[in-house]
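In what comes next, subunit A is part of two complexes: it sits with subunit B in the first one and with subunit C in the second one.
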Partner chain A sequence: MDRLRLQQLTISYGEQEVIRQLSLSIADGEMVSLLGPSGSGKSTLLKTIAGLLPQQDGRVFINGESVDHLPAEKRDTVLIFQKPLLFPYLNVRRNIAFGLKMSGYSQAAVRDRIRKILEITGLEGFEDRRIHQLSGGQQQRVALARGLVLEPSILLLDEPLSSLDTELRQQMRELIRDIQKKTGTTMLFVTHDQSEAFAISDRVCVLLDGTLRQTGTPQELFYKPADPDVARFFGISNMIAGRVSGSRFRSRFVCCPAPQCPDGSAAAVIRPEDIEIVKNMADNCVEGSVLSVQFEGTATRLMVSAGDELYKILCFRTSHVAGDRIILRFPENRLHLIR
Partner chain B sequence: MKHSQSFRIKGKAGVPCGLLQLTAAIGPAFVIILILFGGGLSLGLMQALGHLPGASLHSVSLTHFTNVLTDPDFAGSIRLTFYVSFVSTVIAAAVSVVLALAIIRCAEESRLVHFFLQIPLTVPHLVIAVSILLLLSPSGLAARLLAAVGLLQSTSSFPMLVNDRFCIGIMLVYIWKEIPFITFMLLAVLKNLGPELLETAATLKASKMQRFRYVILPIIWPSLAGAGLIVFAFTFGAFEVPFLLGRSYPLTMPVWSYKNYSDIDLLARPEGIAIGLIISIIIIAAVIVSHLLTQYGRRRGLL
Partner chain C sequence: MNNKRHILFLSVLVSVTLPFLPLLLWSFSERWFYPALLPQSFGLRGWSYIFGTVNSQILQALISSFFLAATSTLISLAVGVPAGRALGLYEFPGKRFVLLTFILPVIVPPLAVAMGLHLWFIRLGLAETFWGVVLVHLTFCLPYTIFVMRGTFSDYSPEFEDQARTLGASRLQVLSRVTIPMIMPGIVVAALFSFLLSWSQYLSTLIIGGGRMLTLPIMLFSLMGSGDRPVAAAVSLIFVIPAFIALLASAHSLGRAGLQGVR
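This part shows the complex of A and B:
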């Protein structure tokens, strides 16, 4: 049974629709990321699932039951925000115990659950610390423990790592993944950071302009975007327009198999790092001229004009300079067709 | 090195300034306050101790304090003063909390709310006391109006709301006057609170009442307690409102003090000042006790 099911959900702020007709299911124990740029409606969606915002249309099911009529405190979800939002007048132990106290757990049960969650989150020894005595990472860890201790059906995380520095972010990412595996908690993790979403999730959902555009494994999304917008979101701006005919895609200089692809116009996309620079012309090659070279440390980004199109290429340790004539090769197995 | 740093604070231009500079900066103001306030208090204390050369009293003793404390009216007076101050402070605080929570959203968007709240703050206590007297006395406007429309048989059947046993008139003045003051203090805190902490509490299974009890109350408590203490201290020590709207017996402590101090018999003055000093001691004790209670509540996770 799905832990969470969203059915044709539409959410508006006044006249403006923020989320449109969104459907999504999350299975028990799954770690799903909702990935999208700022303003795409990610946080709004989480707040609606948590019961903090009403939807205009559609339904929310948790454990197979509709929760549309339930307020936030009656839903079996916990939302962890961008900021830790700990209660400043309580120490670590009392912050973690807050939800248990509100739910009316016995003292013994509270003690037992807190002991376990402190162990899982590595917060042993911090129980009696005041909030201002903790670092940013420790505070976010307490916020995580405070949510996990309630053992919700689904834990909603709204960019919880965005306020942390890079190194701490990496550590917290691993900690969340580790905790998720240990506890089997179903999690919906919202982020605008692609690498974060890919590193942490079993499945990633791409939300663009309030619409769920594609759901799949990190690899599927990265290498096989469903449409041009998703492709652009993942940094693929190399699109070659052409036609599919008889299970083959053909453009002016690119040809590749297109199995199970209906005839008609289509576009082949290719990641910047998959375009090769070769010495001799061959199949799927085109000659172009380097317009600009940007050294980015690990890689160098070339902007190449070939035919009437511009291509972005990522290469390593290149000596090309602007004005060079080069031959680009588009390997068949790196091309992905979209409509 | 660490020790010396703890005594240093950064000046405006980022230059560390030492204890000496700090003393030089606030010293003049401190000395003036010490002379004016401390001097007055010392003179008052000397007079309360019986040193009043103008009335040929030169001895220094605790006789006047003892006289006040053993006076048969003392217990009744302190009870009445405490009752008026405590009840009006609690009612004003409770109404302010409800009001602040109700208007916080409008207050953030509209300056008009602030304007309406500022009106009672600008009107002196004395003016409101006189207004209450004219409005709620048995021969006042309300009584005559109700009698004129036939809701009362005569003005004499209007309930006693001024110079009454329960000090309703006095408390009405204090409540009307202090609600905006406490509300302003609470609005400032609630604005900073924002919605997210309450949303967090909601997803952590706190009901509306629990969110008020376990999130809002602990956060507004320092401001509420501070404002409440200021109101309590003021009402405990203020004399003009109970003087106008209170009964002639028992008297509140400040009215009793004022009557003794302004008595044509100069020998009554030391006792008037002694009552004033006792009022001050009670207020200071109230501040300390409330601070200790708050600390205790915080340690126990009650606040």
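This part shows the complex of A and C:
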């Protein structure tokens, strides 16, 4: 059974619709990321699922039951915010116990559950610390423990790592992934950072302008975007307009098989690192001139103008300079067709 | 380093307590004439005047001062905390105007406020009543409470309340377990301000109370006029007690505020 199911959910702030007609299901034990740029309505969606904001239309089901009439405190969800939001007047143990106390658990049960969660989150020995004695990463870990200890049907995480520095973020990603495997908690993780979403989740949902554009595994999203906006979001700006006829896609200089594609106009996209620079003209090749070279460390970004179009290319250890004439090859198997 | 700190502490202690030394001497003196350095004879007449008879006027004044200050404080907190929250957390049209009107009673001389209100209070039947005096004290207590709470709430993040709710706290639990503990330092400071303001009101109590409300400051002024120095000194010392408690309590509450990153 689905842990969480959203049905045609519409949420607005005043006049403006923030989320439009969004449907989504999350199965038991799944780790799903909701990926989108800032301002795409990700946090709003989480708050609505948690019961902190009302929806305009549509329904929210948790464990198959509608929760639309339930206030936040009665829903079996916990929301972890961007900031740790630990209560400064309580120590670590009391912070973690907060939710359990609110639901009236017995002293013994509270102690037992806290011991277990401290072990899972690696916070043993910190129980009696004051909040201001903890580092940013430790605080976020306590916030995580405070949510997990309630064993919610679904844990909602609203960019919990974005206030941490890069290295710590890496560690916390692994920790969250690890905890998720150990406890089997269903999680919905919101982020604007693609690598974070890819590294952490089984399935990623792309949210652009308040609508759910594509859902799939990280590889599917990255290599096979469903529409131009998703492609652009993942950094593909190389789009080649053309036509499909008789299961083949043709443009001025590119040609590739297009199985199960209806005839008509279409576009092929290719990732900047998949375009090859070759010595001799061949099929799927075009000659162009380098407009600019940007060295970024691991990779170098070339801007190439070829046949009225601009292409972005990522290559490694290149010696090209602006003004060079080069030949670009678009490998058949790296082209992905979108409508 | 430690030595320096001791010197600082001692000098503060001396400069704070020194003015009270003559008061203490006066309150325990029987006869003290110029130019003697110390009283010629000591006694407990001053203190026994206050506590000697069960129904002494001064004991009555002490009690009514206390109830007046406590009532004013409670009401100003009940009104000032929500008002401070609205002013500290939300933007709304006319906010600056509202702030200005709240600070007016502090800017306008108290005599003008009390005289102006007196006419209204007579018409409304509030003059010379307990609640009339509470109301006039509120015109001074409320602005301070609102401004202290506004400051507290402008540093406050209402996300803590959302967090508590998703952790399963009901609205009442959010209030008692999250909101109030979070703003406690502000509440303590505002309550102390209110209490001390009401406790030390003379003019407004005299005008609105019309001699019916005998509070400690009113007794004190009449004692000063009568020239009975030992009794006046003893009453003054009692009058100062709440301020001392306030000093200690605010030191304690500032220590708490440190936990919230204020320090």
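We adopt the following convention: the second predicted complex is superposed on the first by the 339 of 339 C-alpha atoms of A that agree within 3 Å, B and C clash if a C-alpha of one lies under 4 Å from a C-alpha of the other, contacts with A are read in each partner's own complex, and residues count from 1 in each chain.
The rule is simple: contacts are C-beta pairs under 8 Å (C-beta built on N, C-alpha and C of every residue); 3 or more make two chains touch, one makes a residue touch a chain.
These figures come from a predicted structure and were not determined experimentally.
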item	value
Overlay on subunit A: subunit C relative to subunit B, clash or fit	clash
First (subunit B), second (subunit C), both or neither touched by A:264	neither
Partner chain in contact with A:14 - subunit B first, subunit C second, else both or neither	neither
Touching partner for A:73 - first (subunit B), second (subunit C), both, neither	both
Partner chain in contact with A:132 - subunit B first, subunit C second, else both or neither	second
Partner chain in contact with A:94 - subunit B first, subunit C second, else both or neither	first
Partner chain(s) touched by A:81 [first = subunit B, second = subunit C, both, neither]	both
Intersection of the subunit A residues that touch subunit B with those that touch subunit C	47, 50-52, 71-73, 75, 77-79, 81, 83, 85, 87-89, 98-99, 102-103, 146-147, 150, 156
In the complex, subunit A residues that touch subunit C	47, 50-52, 71-73, 75, 77-79, 81, 83, 85, 87-89, 98-99, 102-103, 130-132, 146-147, 150, 156
Subunit A contact footprint on subunit C (complex, rising order)	157, 159-160, 162-170, 173, 177-178, 181-182, 184, 256, 259-261
Parts of subunit A lying in touch with subunit B, wherever the complex brings them together	47, 50-52, 71-73, 75, 77-79, 81, 83, 85, 87-90, 94, 98-99, 101-103, 146-147, 150, 156
Sites on subunit B touched by subunit A in the complex	196-197, 199-207, 210, 214-215, 218-219, 298, 301, 303
